[in-house]
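Structure below; questions to follow.
Chain naming follows the written order as A, B, C, D, E and F, and within any one chain the residues start at number 1.
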Amino acid sequence: MALVPNNTLITETPEQGRELAIMLARKTVAAIQTDAETRQQLRPGYATNADSLTMATHVVAIEFATVAAANDYWRSHAVSS
Amino acid sequence: MALVPNNTLITETPEQGRELAIMLARKTVAAIQTDAETRQQLRPGYATNADSLTMATHVVAIEFATVAAANDYWRSHAVSS
Amino acid sequence: MALVPNNTLITETPEQGRELAIMLARKTVAAIQTDAETRQQLRPGYATNADSLTMATHVVAIEFATVAAANDYWRSHAVSS
Amino acid sequence: MALVPNNTLITETPEQGRELAIMLARKTVAAIQTDAETRQQLRPGYATNADSLTMATHVVAIEFATVAAANDYWRSHAVSS
Amino acid sequence: MALVPNNTLITETPEQGRELAIMLARKTVAAIQTDAETRQQLRPGYATNADSLTMATHVVAIEFATVAAANDYWRSHAVSS
Amino acid sequence: MALVPNNTLITETPEQGRELAIMLARKTVAAIQTDAETRQQLRPGYATNADSLTMATHVVAIEFATVAAANDYWRSHAVSS
């Protein structure tokens, strides 16, 4: 199983970096709980619990910090509105 | 859905950086719990629980650390009192 | 509402940086729970719970890390005993 | 017992860095709870609890931040799709 | 009240840096819960709870990361065994 | 009591850095709960609780991040397999 999609932390945009951060967190969960059905069963419970959502959001924030640093914060990326 | 508003981490001021940090956290929640109604239903519960608020504040602090680093802490930004 | 007092992360001293870190955390809470009365009602509960206090202290530590980095740790600031 | 496999934080790819981050977290658990049987007994409980999984994922994210920094984010590593 | 003892993050040794990290965390608690008697009453409860102790230890680790960075990790400090 | 063994963050290898991270966390616990007997009584409880173990592992990860940065990630250290 791939823990890091495309095996790189480099993305073209902050948006893609954010998507990668979410993916990284999900891949780790899948590496710990390898049974997809079990993961699926857990989803409704935590996705309707505010604290569980905050905890998951926290992990994404940490992963994003790493991805953002890896991309030098996309400073040279032109803003696309 | 856009996870990063305007697809950039660069803001003009610390205040705007703080607003972005809050937005980033909220966008992640929305990416995990995609149903807006469910998110709305969860809000009263966690917004009246001190620990839930602290947990949410914690995530904003992490996101802000990334945004602040991306902007080199707005060191060249003139203070506006 | 101002999320960042004076719209800057730069302070003259570590002490002021610490005060800013506490303010930043409080302003975020106020941005999430906008009703001042509700926030006031929550205060006695968490201020008399050790784990709640530790959680709040944790957030201040994260905010301070950002403020301290922004100020280059006040290395050029003369020690005042 | 080895806490750091191969006694290095340097890996060839982000994928291997991610695997190392997971290993580092597991080795710490083993250093605290040295009885393998006890660790095995705890596994079913936390692997079927969403918050426990999120907490474990959080630790991996922190370890990965260190491993990624050690490897300068594998910036010179060619992307392999 | 002083939130940062001596109003500096600079210490002579890692040991003193560690002491400062503990002090910073305690001063924040005191800033949030200003009543010393209440703080004293909370102490027995959390000091005999493993998770509460771990949470407090976590905050010290975060504060120390900042203090250590401020002191450039005391790299030029000679080891005293 | 020494909070930082040998009063330095510098170690020869990542493995020793990891050991130091564990030590730093334990020394903080001992600084907060100074009674060794009480600490010993708490151990069985948290060492058989998955979430407690994860929380402790989290603290070690944070301490290690600091130790690793202090040692410039042992980049110049030859790999010993």
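Here, a residue touches a chain if its C-beta (ideal position, glycine included) is under 8 Å from a C-beta of that chain, and two chains touch if they have at least 3 such contacts.
Treat the numbers as computed from the prediction; the structure is a model and nothing was measured.
Participant: Would you kindly state whether over half or under half of the residue numbers at the subunit A/subunit D interface are used by both copies, giving same or different?
Facilitator: On the two sides of the subunit D and subunit A interface, the residue numbers are mostly different, under half being shared.
Participant: Could you work out how far subunit C has to rotate to sit on subunit D, using CA atoms and steps of 5 degrees?
Facilitator: 180
Participant: Counting in whole Å, what is the centre-to-centre distance of subunit B and subunit C, each centre being its mean C-alpha position?
Facilitator: About 16 Å, centre to centre.
Participant: Can you compute the centre-to-centre distance for subunit B and subunit E, using the mean CA position of each chain? Integer Å is fine.
Facilitator: The separation of the two C-alpha centroids amounts to 27 Å.
Participant: What positions in subunit D touch 2 or more of the other chains?
Facilitator: In subunit D, 51, 55-56, 58, 62, 65, 69 touch at least two other chains.
Participant: Could you draw the chains as nodes, link the ones that touch, and say if you get a line, ring, star, complete or other?
Facilitator: ring
Participant: State the ordered list of ring chains, commencing at subunit A and continuing via subunit D.
Facilitator: If we begin at subunit A and move next to subunit D, the sequence is A, D, F, E, C, B.
Participant: Where on subunit B is subunit A touching in the complex?
Facilitator: Residues in contact with subunit A: 2-4, 6-10, 24-25, 27-29, 31-33, 38, 42-43, 45-46, 51-52, 55-56, 58-59, 62-63, 65-66, 69-70.
Participant: Per the contact definition, I'd like the list of subunit A residues that touch subunit B in the complex.
Facilitator: Contacts found on subunit A: 13-15, 17-19, 22, 47-51, 53-58, 60-62, 64-65, 68-69, 73-75, 77, 79-81.
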